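The two complexes that follow have chain A in common; it is paired with chain B in the first and with chain C in the second.
After this line comes the complex of A and B, so read on.
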């Protein structure tokens, strides 16, 4: 599998949020404004990219080497949690406002199924090398960021509109999410 | 079938990964970026038992609130029993000398602050500030207080901390504080705008001092910074940070 195809697949065709429906919690939680969404996206790209590389190495050289494949979830969560801690410490010191705006969603990347999902897909794909895994992780993060940014733009516009009372808040948000998701189905024929 | 050796390998593998990551994290925490707020050092001064009696989510929660200026370290009910420093000196909580706070009219009556305070709310523009007529100078048996330039100044090396001057001040500006401490030379409760118009050395409650205090000893109450002596180490960071020269570290020379 060539690297551009891995990139297109993870970022657009099999977009983690809009096609695989993983990581919906931060997708709905931090998409209220563009700036927060951008910060969250950057954090997720970093965590997904780095964790893809580290989990791939750990899986290859520790888990497979000692017949501990059954421990992959706990080992991966451990790695992801540490990376999230690192990101949290960095964001807290760089921008206190962003840290407060992201709130609980930042530590929640730890248990974000999209991040674990990337790591698991990396080791399940037979033909993946370390480079494939790294590209897959970063493009999955980029796809997540793209979805988050698109959705943040829509939500920022939505606030100003006259929405029927019954649909205000979460209902209209979920409907909009469904519509974007359908739009992303259009990428299905590319590959 | 899982043998004992398998379990041991699993424990060492996962434990090893965890240990490595932990070391990496603590290394990154110290090296990557220096801290810009003092939440951590304030947390160190708190008991650290997370009892929640202060109303915040544990000691870190209170430390964050202190660092953000919404709480004070005295909100911690467990820290109240620390021994205070016994050596004290009198201190005038006003720095409104004539060049920073010009009078609104010339007072020519009896040389007494009590008399001056009765006329038109005092001849100083600030209704909280020192009137500079020397009632405390007269009251001081040790000759430690001089009134010059429209304000009383205390020589803390002569002060015996008898407390006579405290009663002589009609505006209750004098208090006894530790000989080695940092204090706010302002008692005004006006808002920032008014304070700036009437006195160039008044506290405007900008919170810059709170941000630089490593011990979380500073708090804002009624538009006025308050330093909690129990927690102040007199490091002088707030004195440097104060843009209006309102905070001073004792002894004043």
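After this line comes the complex of A and C, so read on.
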């Protein structure tokens, strides 16, 4: 599988939020305005990229090498959790402003199922190399960010609309997400 | 189960009811949405995912509750996550060995049970503060509440999208061929749309009930206040 196809597939065709339904909690929670959506997106791209690389190496050289592949769930979640802690510490050191802007969303990346999801997909694809895994992780994060940004714009517009009482809040948000997801179905023709 | 005083039910029954209705993880707390949308293309998928999650939730709740005094607060989250991941691994093995069909239908969403917010949420908010029996009741209640949401959404999507009900089981029903099937409902957008509509319907019913109740209450107080002047 060539790398551009991996990118298109992870970012658009099989968009993690809109067609695999991974990472919905931050998608629905953080997408209320554009600025937090952007910060969250950047953090997720970073974590997904690095965790893809590390989990792939660990799986190849430790789990498979010693016949421990049944431990993959425990190993991956520990790697992701410690990575998120590391990212948190680094951001805190480098930029205090970014750290306060991201706030509680940083530790929550651990329970973003897109991060664990991409790690598991990487090791289940037969022909994936380390490079494929890295590209897949970063493009999946990019797809997540794209969906988050699109949705943040729509939600900012939606605030001013008259919505039937029963649909206010979560129901209309889900239906709007369904409509974007329908638009993303159109990318299916690319591959 | 005849209790002399029917008003005072056992605390565990109350905890289970609380999980299914009052604090339903999907409809009220809106936690753990990913599997609700991803695997609910059929009722059977909903039932199996609901059962798998209930099992993990109940056992991790019991285990965490037993260990609650031994776990240092500073590192509790990693410890909880490892315990949950252990139970998810067990469930994955059991599914692969005994029901391979379900295992392949749920696919990647089985390992993702680990990051289902409900499980860590209950560990943190309930199991680490209560005794094992209550933690087990909470796990069962929350798990059933979650399963109920999965089954409702799954049934809607299967009937509207594929025109069948409970396909893959011996009780399969098929709609007559004259009724149109909307394939979109089984595709990803259908997940969002169905859950959105189910939640709106639930909200509408609850709002109606509330207004009726308020009206009844008003009548009652109205009567009470007038009692002194009743003739």
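Just so it is clear, the second predicted complex is superposed on the first by the 175 of 191 C-alpha atoms of A that agree within 3 Å, B and C clash if a C-alpha of one lies under 4 Å from a C-alpha of the other, contacts with A are read in each partner's own complex, and residues count from 1 in each chain.
The rule is simple: a contact is a pair of C-beta atoms (placed from the backbone, for glycine too) under 8 Å apart; a residue touches a chain by one contact, two chains touch by 3 or more.
Just so it is clear, the model here is predicted, and its values are computed rather than measured.
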Inset, instruction - Considering only the touch criterion stated at the top, classify A:5 as touching first (chain B), second (chain C), both, or neither. - result: neither
Inset, instruction - Using the superposition on chain A described above, determine whether A:78 touches chain B (first), chain C (second), both, or neither. - result: both
Inset, instruction - Considering only touches as defined above, state whether A:68 meets chain B (first), chain C (second), both or neither. - result: first
Legend entry - Which of chain B and chain C A:93 touches, first, second, both or neither: first
Legend entry - Most chain A residues touched (candidates chain B, chain C): C
Legend entry - Contacts of A:120 with chain B and chain C, given as first, second, both or neither: second
Legend entry - Partner chain(s) touched by A:58 [first = chain B, second = chain C, both, neither]: first
Inset, instruction - Could you pull out which residues of chain A sit against chain B in one structure and against chain C in the other? - result: 71, 74, 78
Inset, instruction - Please name which positions on chain C make contact with chain A in the complex. - result: 30-31, 33-35, 37-38, 77-78, 81-82, 85-86, 88-89, 92-93, 108, 111-112, 114-117, 120, 184, 187-193, 195-197, 199-201, 203-204, 207
Inset, instruction - Spell out the residues on chain A that touch chain B in their complex, using ranges where they run on. - result: 58, 62-63, 66-68, 71, 74-75, 78-79, 82, 85-86, 89-90, 93-94, 96
Inset, instruction - Would you pull the chain A residues touching chain C in the complex into a rising list? - result: 18-25, 28, 70-74, 77-78, 81, 110-113, 115-117, 120-121, 124, 164-167, 170-175, 177-179, 181-182, 184-185
Legend entry - List of chain B residues in touch with chain A within their complex: 6, 9-10, 13-14, 17-18, 21-22, 24-25, 28-29, 32-37
